[in-house]
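Notes follow the structure.
Order as written gives the chain letters A, B and C; numbering starts at 1 within each chain.
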Amino acid sequence: MIQVEGLTRKYGTFTAVDNVSFVCQPGRVTGFLGPNGAGKTTTMRVMVGLTPPTSGRVTIGGHLYQDIPNPGRHVGVLLDASAQHAGRTGREILELGARTMGLSSSRIDEMLDLVSLSRAESKRRLRNYSLGMKQRLGIAHALLGDPSVLILDEPANGLDPAGIRWMRGLLKGYAERGGTVLLSSHLLHEVEIIADEMILIGHGRIVAQGDKKSLLAGAAGSGSTFVTALDNRQLSDALAAKGFVVASAGDGLRVETEPVEVGRTAAEHSIVLTDLRAADGGLEDLFLELTSDTQREVVA
Amino acid sequence: MSTTAPGLGHALDLSSTQPTPFLRLVRVELRKSYDTRAGFWLLAVIGFLVLLTEGIVLAVVVTQDQAMTYGDFVAAAAFVTSILLPVLGIMLVTAEWGQRTAMVTFALEPRRPLVFLAKATVGIILTFATIAMALVVGLVCNLLYGALQGPADWEFGWAGFFGFLITQTFAMLGGFALATLFLNTAAAIVVFFVYRWVLPGLIALGAALMDWFGTLAPWIDFQSAQGPLYDMSLDGGEWGHLIVSGFIWLVLPLAIGIWRVLRAEVK
Amino acid sequence: MSATAAPGLGHALDLSSTSPTPFSRLVRVELRKTWDTRAGLWLLISTAVLTAAVMVIQLSVVVAQDLDVSYNDFLTSTNFSMALLLPVLGILLLTSEWSQRTAMVTFSLEPRRPLIIAAKFLVGIGLAVAAVVIALVLATICNALYGLLSGHEAVWDLGLGNVGGFVLLQVIGMLTGFAFAALLLNSPAAIVLYMVYSFVLPGLFGLGAALIGWFDTIRPWIDFNYAQGPLVDATMTGEDWVHFAVSGFIWLVVPLAIGVARVLRAEVK
């Protein structure tokens, strides 16, 4: 498990991370969520000893990172998949990691299979890799030493949809076997699907943390519905007659009430629905709201 | 919107877009030479060394009671800048590859030879700026020399000035050409220093040992061929040596390098 | 796994079965990094090819011109290519971790940074020694060929002092590059500094010594190249060793110490 205690990192007058404390539990995937420049990467860099903290500390399984012998065997790290020598082949990069950790070369083939990089691809130099391939290689590198803790900075960046689904399965399985996973992202939906626990950070401070349900419970603006009917106008009129706020949205309508109310109204009027779902904007609104003073764009 | 097939009715309207003017490319390339920390420090070090060299020379000649002319001050600065101007020439080219900005540069201006021409122009501009600085600092030093030591000697012929201008430009372009050939900072710098500081000694050694090499040497030794340029006293044969050796060391690497860049896949 | 355990108690990492990464393994990995990229491989090949080329040229010239040379002449001429490229190797050993940002990975797999630097240092020394061995072999071949091809008898004037001095010379060249690299952490800057130090500075020091009396007196104490001169022909005296130590301290130890201190504290980006 990872324990962050009162972590602060200042660059001159700029405070990148401001008194941050949280815990990542084993057996769970913790999502570290925040807009660009919120302090996610700095926090993760402090975790692995690349950036000295101004104050506070981070322990992994009760130890400072620098006190862990052969840390690659305990903590898998992926901070920047592009931070590798462009002239090395993917396989060679894993080879160097395996040798540093004292692993046999067969482990490299296992990892290449795990992240679905073919033998031919592994012999190409990194400069010829796409962002998604670099990301797969980086995940393979992080998993090489069969660590019990994973720290991944924006691992889904550049992965195609199939790749993102694959990574989700991989990390879920990893956590189910008792591993601790911390992954950062600036994309809400990515984290929402994969993470058991979420930590929202903005402007270097933690603005909210908890699991999805508890976060949503405190969120304003939950309880909207997207609905599409064969006859949108009829439905719209029926809903408006009941006093719900209705607005058109794409092919259908957005209604400011629970889906069950919309369904009931449609049933009463025998209107055929082709789509009915909760407007999943609750968490998104929450995210934007919590980080709004740190967002680059003003939320309308 | 009309229903014409894509590609017929939807051609890009280029009539109102001018090609990027060359002057603008030069201004952008000039900016690139100092807007990174590495570039800024290189320029700052060049300027600082000009100041330092002429200052040291002044201190030495005053304390050692030696005679000095304006031209001598400038020559001392020229010696130092001729070491770093080529590095500037190299960095102008290779920074684009080392940092992979060539992708952006060539996407915005696909006429790649123009980009190189703009870079070379920037190199020449910065060389001239360095020379101007050396002249001004030399002027101040010579004035101080006159005040501290006795009458200042303002001997500095126009021939010397042009010789200075040309040799410094050649030095910068030598680095530029090797950088274009190798597209790799480390390799270009090593080869340049060998070419500038080691090769003349080897050629002289070879010429001393072997007669046939002694005959060949002036045609391939660009450094020696530039010697008479300092006082612009070239005769016919020396012009020949300058042109042939210059072709070997400047034109050839530049041509091969640019030919390579034009065909290269930019990664 | 107990569900009620307080966080941080039940889930401590068990480090008892993990031994720290042995130093020899770090050295082997660092050695591998010197040749596993195209740039690194070409640098090693260039060093070998250039050294061989220098010897072949020297051999053909001395045979064709009927010159009188000895084993030691062949050996010292390899100094040309090695003194040029070994330091570059030393520089890239360190700076490529920064320019390619691999230091992030290297230091997260082994947070004991002094060990990584020590491993690189050792690899540098090892490559310099290997280069000297190659030079010795090449010089032996050339001198034997010289004995066969020219009218002269091959002279095998190989002393322990010569070899020792030659090894020291190459190792120091490599380490000077390494020290400059640690100080600047930037390939072009370190290479330029080294080239200036090795090709330009001796001339300036010589000029200064010729012009200024007091500079002539202190020159041996500050000119490391000059102080290494007697190493080549194995004529180091006691005073030479003192000059060597003092100037070496200035050019080798000081930049290395400042550079290492910087690397140890630096935020790795």
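Rule of thumb we're sticking to: a contact is a pair of C-beta atoms (placed from the backbone, for glycine too) under 8 Å apart; a residue touches a chain by one contact, two chains touch by 3 or more.
Remember, predicted model here, so these are calculated numbers, not experimental data.
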Distance-to-centre winner among chains (Cα means, whole assembly as reference): C
Top chain pair, ranked by how many C-beta pairs fall in contact: A-C
Chain B-chain C separation of Cα centroids, rounded to whole Å: 30
Approximate Å spacing (C-alpha centroids) for the pair chain A, chain C: 46
Chain centre separation (chain A, chain B; CA means) in Å: 50
Per-residue multi-chain contacts in chain C, two or more chains: 39
Parts of chain B lying in touch with chain C, wherever the complex brings them together: 38, 41, 60, 63-64, 66, 83-84, 87, 90-91, 98, 184-186, 189-190, 193-194, 197-198, 206, 209-210
Footprint of chain B on chain C - complex, ascending: 39, 61, 64-65, 67, 80, 84-85, 88, 91-92, 99, 186-189, 191-192, 195-196, 199-200, 208, 211-212
Residues of chain A defined as touching chain C within the complex: 1, 3, 23, 25-27, 45, 48-52, 59-63, 65-66, 68-74, 77, 79-80, 82-88, 92, 95-97, 99-102, 125, 141, 148-149, 178, 180
Residues of chain C touching chain A in the complex: 1, 7-8, 11-15, 18-22, 25-26, 28-29, 32-33, 36-40, 96, 100-102, 104-105, 107-112, 265, 267-268
